[in-house]
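My questions all concern the structure below.
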Amino acid sequence: MNQIKRLCCCAFPVLAAFAIPAMAQNVSTSVDAKLAILEASSKAAQSAGDNAWMLVCAALVLMMTGPGLALFYGGLVRPKNVLSTMMHSFILMAVVTVLWAVYGYSLAFGQGNPFVGGLQYLFLNGVGNAPNTDYAATIPQQTFMIYQLMFAIITPALISGAFAERMKFSAMLLFTVLWTTVVYFPMAHMVWGKGGLLNAFLGGSIPCFDFAGGTVVHITSGVSALVCALYLGKRLGFPREPMKPHNLVISVIGACLLWVGWFGFNAGSALAASGLATSAFVATHFGAAAATLGWTLAEWWRMGKPSILGAISGCVAGLVAITPASGFVRPFPAMLIGFSAGIFCFFMVTAVKSKFGYDDTLDAFGVHGAGGTLGALLTGVFATNAINEGLKDASGKLLPLGLVDGNAAQVGNQFIGVLISWALAIVGTLVILKIVDMLVGVRASKEDEIEGLDLSMHGEEAYNLES
Amino acid sequence: MKKIEAVIQPHKLDQVKEALKAIGVDGMTISEVRGHGRQKGHKEVYRGMEYDVDLLPKVKLELVIPDNRLDEITRTLVAAARTGKIGDGKVFVYDVADAIRIRNDDTGEAAL
Amino acid sequence: MNQIKRLCCCAFPVLAAFAIPAMAQNVSTSVDAKLAILEASSKAAQSAGDNAWMLVCAALVLMMTGPGLALFYGGLVRPKNVLSTMMHSFILMAVVTVLWAVYGYSLAFGQGNPFVGGLQYLFLNGVGNAPNTDYAATIPQQTFMIYQLMFAIITPALISGAFAERMKFSAMLLFTVLWTTVVYFPMAHMVWGKGGLLNAFLGGSIPCFDFAGGTVVHITSGVSALVCALYLGKRLGFPREPMKPHNLVISVIGACLLWVGWFGFNAGSALAASGLATSAFVATHFGAAAATLGWTLAEWWRMGKPSILGAISGCVAGLVAITPASGFVRPFPAMLIGFSAGIFCFFMVTAVKSKFGYDDTLDAFGVHGAGGTLGALLTGVFATNAINEGLKDASGKLLPLGLVDGNAAQVGNQFIGVLISWALAIVGTLVILKIVDMLVGVRASKEDEIEGLDLSMHGEEAYNLES
Amino acid sequence: MNQIKRLCCCAFPVLAAFAIPAMAQNVSTSVDAKLAILEASSKAAQSAGDNAWMLVCAALVLMMTGPGLALFYGGLVRPKNVLSTMMHSFILMAVVTVLWAVYGYSLAFGQGNPFVGGLQYLFLNGVGNAPNTDYAATIPQQTFMIYQLMFAIITPALISGAFAERMKFSAMLLFTVLWTTVVYFPMAHMVWGKGGLLNAFLGGSIPCFDFAGGTVVHITSGVSALVCALYLGKRLGFPREPMKPHNLVISVIGACLLWVGWFGFNAGSALAASGLATSAFVATHFGAAAATLGWTLAEWWRMGKPSILGAISGCVAGLVAITPASGFVRPFPAMLIGFSAGIFCFFMVTAVKSKFGYDDTLDAFGVHGAGGTLGALLTGVFATNAINEGLKDASGKLLPLGLVDGNAAQVGNQFIGVLISWALAIVGTLVILKIVDMLVGVRASKEDEIEGLDLSMHGEEAYNLES
Amino acid sequence: MKKIEAVIQPHKLDQVKEALKAIGVDGMTISEVRGHGRQKGHKEVYRGMEYDVDLLPKVKLELVIPDNRLDEITRTLVAAARTGKIGDGKVFVYDVADAIRIRNDDTGEAAL
Amino acid sequence: MKKIEAVIQPHKLDQVKEALKAIGVDGMTISEVRGHGRQKGHKEVYRGMEYDVDLLPKVKLELVIPDNRLDEITRTLVAAARTGKIGDGKVFVYDVADAIRIRNDDTGEAAL
């Protein structure tokens, strides 16, 4: 709130620049000194732009969870469960934050082995204003840390779509704490951490491309969701009783905020306000738009009417599928990925789910699991060094990225990445569910489920519109 | 005294109210209900889950009236509520044992 | 997600800067080389700041359509039509995006004749990370492209206020595709495209000022809305039956998000995070605030009570009117424009509409048509080179802009701009409506309208608050 | 909308930089000239980054009031008062803006005496694109002005939580105009204005730390809220009749938007996209998360069930308490502050309020008054120069800030700051209420209160979900 | 058995419930209704469109009671619901042919 | 004709509807009500303010039926609605004086 406060790293060189004449003594040193100061001030200016962008992106990604996802999911359940569903998202904004500060960031981005990070950043030790040049050279490491935290928050929140309306709150808490620790942090390390097994850019042995979280975020959450849905079993009365979305208006708000926030998710993953951020922004928007049309047209054709629930489901499916690809593909391939994700997820959610008869309450698997898998694979097809100059050979020549660049092997790499994330999600989730079930029991009692989780778990009702 | 209970199409409420007002019937109580009958409902599909919606929105009017106006009022009401299509609704008539105006203890027809 | 990804244009010079000492060989080349590197890194830093700003603005403008406008409009209709009304906004986020990618951007901003752009950017050919210096020298052209897309999305969405609750969904789709192509793209080119007929800064023969879309966005949409309202006729039962807003709470959310998003719309139109952006931001906020008071006071005086529907309508009216002026006027004239727009639109919506008896469901004309026209004209009065230094004579002297600068002729120029946009909107919309009516029929059947468009067009209901 | 518009201060140097070779005449002048140009362009780039950030923050803080606070509060009242409650927030977005433009900014940030600013900025005279180096050296003063305005808007809006559901609208308007003038502007000057009594960084005689408004915003509003609650008396039927929150879903939306917007509030108070902004961002998020857990756990333990109303109340309490500390403390102390605020405010709102029996409708005192006081005091404990380098001795050595730095006296300074803000709030509010009561009467009539303020004050109803 | 149907002001519901509880009447069913009668409604204006709202929110109580308590209960109810202003509402009394408790097939007055 | 008024648990509505459909009863009108009786409510606490919620959500079914089907229908309904727990609700039976189908003026049992 006053000029002195901002005299931290960035501002100093700028102000210093004005002081040059006063301190200049002879021409040559003066020039060198001036150059050094200019260098520093230019670096500070770069950091200001990039830091501004990344802080905004961190805010946007938090907004995806709350209110975005909370509304998207909350609108789709019955009125007696809306608060409990929103609480799943909201409480994770608090819980995962604490985990992250204590050990999560370290497990994900600390120097460790190919599978999990080390403990050097425990309690955020050493995570300050200096950039972590391994990951983002122009922003404070704290910015990188808080930005990545927002991803760790939304991922377990996505799973909650599968067990909504029937899981005990205490079990949900325990489950997500364990899951985030055992599945998310290691997976994030493998794909994005330095030396991670699948990190194509920082020394991974299986070079897998995942720009903003197709495997780390969407496959892990979507596949774990399926496991949860199968383990918990169907909601009472499913599918006989009507379980219509109770408030599609708030689901539409949620989907729109997801769309807007996703720019922070994908374009922010460039970790700078660079041209690559713009590319990812454009790909994200085009993917979402095309997927919206894909689902809508498929539904119009198969069901006779295009619903807004279909349109918003499609946009989310597209956002999911474009996520791993967003910083690697041109605009029109982005549309293609989105469009096919819209159609593919529509069939997963309608035909496939009803065929197998599992009760994935809010289609966390059908959208995130299916869309994430499709997107991860198609990233191997459409990734191009015309967009992402991240891989070069020794002579500095750009290496081909995906199939379209002539690197057919990448599809295989992507496939392995997909397999590993499926496997980790399935095994991890099953084991954790067993443990949680033994400790506190995962499923709400029949009475609690009939009364609704809002009352039985939280002692409150969402709407009191009378009187 | 008689009670007229009419279940009508919601979009006919205004016309019925006007028609009743025109013949001097003011007192009535209205509620939102859902009806099931001959009228076919519709299908709603949410992400592939199909629901047959056979409870359709209706409006219920309750009027307590003096015996001697029964005929006139039902006729007026029915005429105003009719579209001629299935689902127009019903009128039921009941006997009323007593009526009291809360404000001032008027009873019987004086309370209406 | 890793440091290499960001090694695109912007980051390179920064990192390079650190490498200077190593490559320096003799003093003089060293200084020149250092200067060149610093120049590049300074340019990159500038781009980071501006690109961060413009990407955020693009996200904000998308947020105006969804959820902003979708909620603002959705709350004002009856509960049986809320989803169909929100769908009008939402589906355009998808449809216009595809049009824009295929030919829209090219028609609007390609090099063409004074009326419409050429085809060089078809399929976004050549639209990459290099800036388009005609329009915005410090950001990737892709950023400019995606930012402008968000304007193309919201404009047809605004029209939907006029035909809400009674237009067929298929007709709405066809109409907006044609309208965007025939009315919006050419109008955007005329006012903002290089060489456009009305472009005061890039060689237009009729120098018209429209900073962020008074003519292009609000007059075209508002006037077209009036034509739609007249062509479609009144809703069944209008004005006899009560058609009260079904949920003013969500309309208030929508209005607030419009207000917040409008900063991206107006201040973003500076195309950089410059002082001009700040000026536009301030004018926007002051205009909205004054208009809120204008409408509220007028309503309090005429109707006896100040309603929140009045307050939010006023704020939108003010935002509309300040749009063309926002980058040209000082703060207090901005308030004056807002205040008069608040009062003027209040009378349009109450007195004038009821006098003529047309059924402009959500007052798209009364607010956007009327407010946009007023704002465009007053821009000619209050535009000043104290705020906008865009016009200079050969010697570099600032030219007077509006009447307050002594350039009375500008009011005439603005008037011509207004006339042209009215004319294009009326003729274009009428012709398109005729065509759409012939092809698919514009108006929903009586049964569908009574049942509500949510069920009849989309097969779903917004609220299922029971059980 | 075109490249010329942006030729304002920032862009010029950048473009000029490209022109260097053309104008170079001899080596040495050339180098000096180039250096000067580079200096200017580097400064411009710095400004772009910081200005981008601060404009976004201004938008975020406006979003906190509308729709954030409007929803948070609106959801907690009964359905017959939701619009009037939202109107309290919304109309202040307009009213305070006008006050600010006319004299508010000047009274708060003009050069004056230790208690109130002077009149030099009346009608924003002299507030343009040049930075006000007293406050923020790298952004236009207009940016600083509009950012600070957003604080002036939300502060009186917070008070409205105390008198919701029973105050006359005209009285509310008059009250807030007077309150903002007599309490807020002077308090802002004392703490943040140059030469303000409590300004630790700009010559205040009592050096008090308040990074983003613990005293200025939360204590003044929270304590004034208590005075209002006591003065107006209880709502009819309180506490006998049930007055349950009518729509917790919108309150959750509001709380989430407050959380997201608060990044603009706190991190923006660094007035640059600096490392300090990042620190404040991190502290804000961690404080909110820990407070969410604090309240939730306390409630779970005392009431048997953890409610989402508790969770969102906790997050707001944490955001309040971390506000004064956000730019001074490390991450884990931030968590500690948040966690204790969550528990403390829980007891204030449950045990203390019911003990004393006052009717603070929406707990504006229990959350903002109590949380703000706690936060202001704990800032004196945990402030450290490892985070904020704002205070140096003559030799440039960093001075210790809080108790943890070894400066125990700071707790005393904070205590004085707290006392002064309590005193000003109590006296100012009482006097103003008396005046308003005499002029228009503060309390709605019994009939109006029973009918609900939406109908009686504004002539409209929030929900018309039937038909 | 008799059925008492009372239409009252919503803000009186709590007091009525208390009063009835005090005389040992527990069983009742409540619904939100809208009423039309002598009480004047209000005008709502939305962007210049004026609507006369003459359907005002009321609460309907339904109590089925043994014949012998009719008088006592109506008197208690009326007393608790009265404000003395127009719009206080009405009490209607009907005969009940039978009552069954779903839980255990109790019938008649035993079912109440 | 008789009117059956049944107050049941909301989650039993579907089963009751099915059971009635199975014996050929189609016409019915349904509304959301809140009930008070022996069934204990629950406590809700909002920021320390405790409210006893003793009005619980119920669904009211109204069926007007020919006299001769009264027994069969009530039996079917009661069987389908029963859970055996307190709060299952009640069935009340009333006499109906007349019925009219709005669509076509059918009266009496023909109108049902």
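Labels A, B, C, D, E and F are assigned to the chains in the order they are written; within every chain, residues are numbered from 1.
We take it that contacts are C-beta pairs under 8 Å (C-beta built on N, C-alpha and C of every residue); 3 or more make two chains touch, one makes a residue touch a chain.
Computed from a predicted model, the values in this text were never measured in an experiment.
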item	value
Of B-C and A-C, whichever chain pair has more C-beta contact pairs	A-C
Listed chain pair D-F, B-C or D-E that repeats interface A-B [over half of contact pairs the same by residue number]	D-F
Chain centre separation in whole Å, for chain F relative to chain C (CA means)	54
Distance between the centres, which are taken as Cα means, of chain F and chain B, whole angstrom	18
Multi-partner residues of chain A (at least 2 other chains)	31, 35, 38, 42, 45-46, 48-50, 52-53, 56, 242, 244-245, 247, 253, 303, 305, 307, 309, 459-461, 463, 465-467
Junction residues of chain B - those touching two or more other chains	11, 31-32, 44-46, 94-95
Complex interface listing, chain F residues touching chain A	11, 14, 42-46
Residue numbers on chain C that touch chain A, as the complex places them	1-11, 14-15, 17, 20, 27, 31, 34-35, 38, 41-42, 44-53, 55-56, 58-59, 62-63, 66-67, 70-71, 74, 82-84, 86-87, 90-91, 93-95, 97-98, 101, 123-124, 128-129, 139-140, 142-143, 145-146, 149, 169, 247, 250, 253, 457-467
For the chain D and chain A complex, residues of the former touching the latter	28, 31, 35, 38-39, 42-43, 45-46, 48-50, 52-53, 56, 60, 78-80, 133-138, 191-192, 194, 199, 201-202, 210-212, 242, 244-249, 252-253, 255-257, 259-260, 263-264, 267, 269-279, 281-282, 285-286, 288-290, 292-293, 296, 303-309, 311-312, 315, 327, 331-332, 335, 388-391, 463, 465
Interfacial residue positions of chain F with respect to chain E in the complex	2, 6-8, 31-38, 55, 58, 60, 74, 78, 81-95
In the complex, chain E residues that touch chain F	3, 17, 26-31, 64, 94-105, 111-112
